[in-house]
Amino acid sequence: MSVLARSRSAATALLPFALVLVVGVLLLISVSAPPLEVFRLIFQGALGSQAGLSTTLMVWVPLVLAAAGLVVTFTAGLWNIGIEGQIIVGAVAGALVARTVIGPPLLVIPLLILAGAVGGMLWGLLVGVLRVYGRVNEIFGGLGLFFVATGLVVYLVIGPWQRAGSASTSGTDLFRREAWLPRAGGWRFSWVALGLAVALVVGVYLLMRGTRFGLRLRAVGRNGRSAFLMGITTNRHLLAAFALCGALGGLGGALHAAGFHHKLVPAVSGGYGFLGILVVLLAGFRAVWIAPIAFFFAVISVGSTQLQLRLQLHSSLAGVLQGVLVLCALLVGGWQLRRAHLSRRRAEEGG
Amino acid sequence: MSLELRGIHKRYGSVRANDGVDLILEAGSIHGLLGENGAGKSTLMKVLSGFVAPDSGRVLLDGRPVRLGSTRAAIRAGIGMLHQDPLVFLPFTVLDNFILGSGRRVRRAAARRDLQRMADQFGFRLDPEAPARSLTVGERQQLEIVRLLWLGARVLILDEPTTGISATQQERLFATLRALAEQGMIVAFVSHKLEEVEALCRRVTVMRRGRVVGEADLPCPTERLVEMMFGRVQVPVVRERAAPGDAVLELQGMRPADRGVAESHTLAVGRGEVIGLAGLEGSGQRPFLRTCAGLQRPAEGRIRVAGRDLTRARYREFRRAGVHFLPAGRLEEGLISGLTLTEHFLLASPGGSFVIDWAQAEAEAAATIAENLIVGSPRSAAEELSGGNQQRLLLSLMPSEVQVLLMEHPTRGLDLESADWVWRRLLERSRRGTAIVFASSDLEELLRYSDRILVFFAGKVLREVPAETISGEDLGYLIGGKDPR
Amino acid sequence: MRTKWTWVVVLAVFALVVAACGDDAATTTTAAPTTTGAETTTTGAETTTTGPAEQLVFGMILVGPYNDRGWSQAHYEAGQYLEEKLGARMIYLDKVNTADRPETTVDQVAAQMIGEGAQLVFATSDDMRDGIELAAELYPDVPMVWSSGDSAWPEAGAAYRPDLANLANTMGRMEYGKMMAGCAAALSSEAGKIGFLGPLINAETLRLASAAYLGARYCWEEFRGEDPATLAFRVDWIGFWFHIPGLTIDPTQVANDFVDSGIDVIISGIDTTEALVVAGQRSAAGATVWAIPYDYHGACDEAPQVCLGVPYFNWNPAYLRLAQSVLDGTFRAEWEWFGPDWDDINNMETSGIGFLPGTALTGENLALLEQFIDGLADGSINLFTGPLNYQDGTPFLGDGEVATDVQVWFMEQLLEGMVGASRPS
């Protein structure tokens, strides 16, 4: 790749951010909020203090894990919208361990993490089985199973796992301390969660980039028919992609429940799965970019509470900002798609 | 009336698709534009029809400059383009497609009368209320021609129009084009098929690598045209026929599970034997080949490969038994868009380590590329290759040991040189014992390379003929369902 | 292609210019909060001559939107009251719940507020127990208040956290407000069918629903002379204090179901005003239905024509006492359960619980309601007096037994005679 082409592709990757900046500034000015101060506060709130940075990191973990999982399914040409449900089921499985296994952290926490991954994996596989054997499009299957997962978690929280004397959708009792992820010194994030997330993101990158499995997934994703004719077991690869994505999402859910909320809350998935889809879209389906982009999203999510605390800006402004980000991402994504299409067409014409 | 192109330049990245092309088209005769795949013919015609904008250069109609920027502007200027694969909206009716894109308010009844009148004039049989889905490629072309004329086209450009249409439809098309030229229209015929150009055109322009390399009035010696196209004369491969070995593919009363199939097949193909499947498209060759490849289970009968019964086996077991299938759609069912050549070689090579050593893989890919004369680099994407190179790539992806090779249209859309190379490779395999079964609509290819030809008609094998003894004319009769005797 | 890039450049330049202008705006506006704060201080100093030299900064963590015309707005306005009275500065964050802000927990918000300089933090929902207790552990020197909690109450059993010396509790005796609401409902109902739109099930909500029932039953029997057995009182729970799509049952749906089943008065137990809004809509469509919202004194405004009145919290006196104690250095982790100022239950300076009659309450019924309130005030009416049974028949209070605070606070079920779930199904 030439230097020019490389800088161009970097420019395309950065374009959404530039667009967000522009639209964000215009938006903030329109509600007479000071743009620079708003951006400064977001970054300061998310990164400027121990508490803020810890929160940002702990939000980053499930987000980046979901995104890493989605890179796998997107590579296989699948829209695993059901990732949100897989996160929830992972959290539920983790909570099950936290509530039933009594023992030292060294026993409980690995079990909890494993349970989360397995729970998410099974939920993901279910979408895959529906898709591969039941001919149910994974978008519908995933959405359906997401609603089932939501129903399940709400049922558990206000039903069998309700707190003593109360049935509120706000969550179960806190886990026993042995099931809390150990914190890093005086900080509120957990090395366990962070380390796992970093290792797995790197792992997914290597898997997609440097192994035959990743290559075959790409082949299946880009042209399942050709891949099949080449002798690749397409169904098995699709199922593997769902399983892997579900496991990563479920792991994120379990880590989030045990390391952040310290209990099971119905909204444990926190929209990280859906946000993860946007992260991956923004990253252009490439694993390298998901870590920084997920971090950027985490910063905005966490830092935006500062806007209200400091500037008394209406609390929905942060939501609007995120909405703008999403829209810009989609816009630029669509634009990039068109560009890729155009250049492909040109390549064909040139041939 | 005349249409003149002056100094047309068009670049795609580093490729000069058109490098200063000058061309004059006169009314009253059919003008051929000849060249190999990738010579720049299609780009030039797309410039002319407003589909792409040139980097520089002018288009003059009757000496007046024409502003082209879109297909709409082109058709307004009276230039109509008939694409290789006519753009037809399948769910709509013929009449809808006829009216669509006219850009003006039309009364259906009037349009319907126009459609019928013009179709009758050319002897086309187009039912206005039939769904477009039911049309063959040839009928879609007819619809498109009528539509372009109705929109006021005075210049008609046809890009490789004979691909995928039947011989009768081709005759009808040529007759129509001659009639249009006689009526004073400008007709440009783009092709890489010498015979067609020789049969149809009065004058021909030959392009190579983005430039015009010569013009000639027809008729003129074929060798001269070939020399202009390729820079050298092709020597046709002469097939040395050997006696087939033991049966490697055996069909016993095998009937493909397909509605169009009327009869079961019993057939034994020996080692090193080449079987050609002739027939109009949709006559049953496709389900036949796909069933032999293990892609669909037969409705009845048995399939044996190298002595093993694979009747109820899955595709993967067919592959393991040495059956290899090369479908017609190279980018749809063979290669994978977006993946590089290196990646294709990796996918095709079974086993190997889980972790990929990219440096080594690219080095190996470069060697394979050189060995197979593919124009491309280890990092080129499959879709960036020209059709001929895609076919070379597909052949190079084939495992070294293949018992039975099944192919659909192995040289469709390829220039002579590529087609020749492909067949040299295939025959080499055949000499080593691979049995080849291929479907083709190219009579010359069938006659030249097959040992036996199965002529398909209406879902069954009409006749099995030895390739050596049958003439092209007789084969044509059989394909049309008529017995020559 | 070239033109597209030109556009990008133009936009980027425009953004930079705007941002640069915005910078000026930023410098002025950044200063603004401080300036306004200072202004508030000065005005505060002018109005309250005893205004302190040092400005109190306090945090207010709200579970719903600050303008919900319900629970959260009542707290928010009490915060504004403190700003006005003490020249204090409020830092607030609303919608602190896992559905609205999944990346936010109460302890983090408290930590951020303390980082902003808060010397006192209010966590204003019973749902914030875990978070505020954690924050109190992490910041033992910062006074905190958990409204509606019981962590500082020695009688609370397992919930009592004597280790948290900086976490006080405060709550109002809303059972009085709910009794008044129940009475107004029973006086107005033509069908003798009352619906209670319940939030989630816990001791507090069981207590409040039961209080509403007791008030309704009393007025049905005593003022209308009807048989208590003919009064239908149904409770439906949505699962949280307000509607969270997907996680809770839709209160609008529940309210409509109430009306469809013949109920003509809906008493809201949730933080938002769906019951009143639905009653207004159905009434406009020809149905005879009234509603009684909750929490906030201005809650009737959404549909005054069907509003029989609103029992509300007035956190002003309690929060003023707590804030003043922080300034005085006398803050202590105590549990407080304040009641109405019986001299004038709607006095915003003194009464923590009030009931504002709505325009839909007839003059005749208003007079009866006032008679009922007088009875509550002088103690002649104490509805938590036995015999009272729980829903499943187990005795709650023996004959003539008057409930203690502990008994009322920790109710275990709905009362006999009420229809609805006492435990989640």
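Assorted remarks:
Labels A, B and C are assigned to the chains in the order they are written; within every chain, residues are numbered from 1.
One rule holds for everything that comes next: a residue touches a chain if its C-beta (ideal position, glycine included) is under 8 Å from a C-beta of that chain, and two chains touch if they have at least 3 such contacts.
Note that the structure is predicted; figures quoted are calculated from it, not measured.
Arrangement of the chains shown, judged by which pairs touch: a linear chain-to-chain path with two open ends. The innermost chain, defined by the distance from its C-alpha mean to the mean of all protein C-alpha atoms, is A. Interface comparison, A-C versus A-B: the higher count of C-beta contacts falls to A-C.
Of all chains, B has its CA centroid at the greatest distance from the CA centroid of subunit A. Subunit B and subunit C, compared by their mean Cα positions, are separated by 76 Å.
Each chain gets one centre point, the mean of its Cα atoms, and the points for subunit A and subunit C are 35 Å apart.
The distance from the centre of subunit A to the centre of subunit B, each centre being the mean of the chain's C-alpha atoms, comes to 46 Å.
Residue positions of subunit C touching 2 or more other chains: there are none. Multi-chain contact residues of subunit B (touching two or more other chains) are absent.
Residue ranges on subunit A touching subunit B, taken from their complex, read 210-213, 215-216, 218-219, 222-223, 225-233, 344, 346-351. Looking at the complex, you find that subunit C touches subunit A at residues 8, 11-12, 14-15, 18-19, 22-23, 25-27, 29-30, 33, 65-66, 91-95, 97-99, 101-105, 108-109, 111-113, 115-116, 127, 130, 158, 199-203, 237, 239-240, 244, 246-248, 410, 412, 423-425. Those residues of subunit A lying in contact with subunit C across their complex are 15, 18-19, 21-22, 25-26, 28-29, 32-37, 45, 49, 51-52, 55, 59, 150, 154, 158-159, 162, 164-171, 174, 188, 260-263, 265-272, 298, 301-302, 305-306, 308-312, 315. On the subunit B side of its complex with subunit A, the touching residues are 12-13, 15, 17, 37-38, 42-43, 46, 52, 315-316, 319, 325, 327, 331-339, 343, 346-348, 350, 352-356, 358, 383-386, 397.
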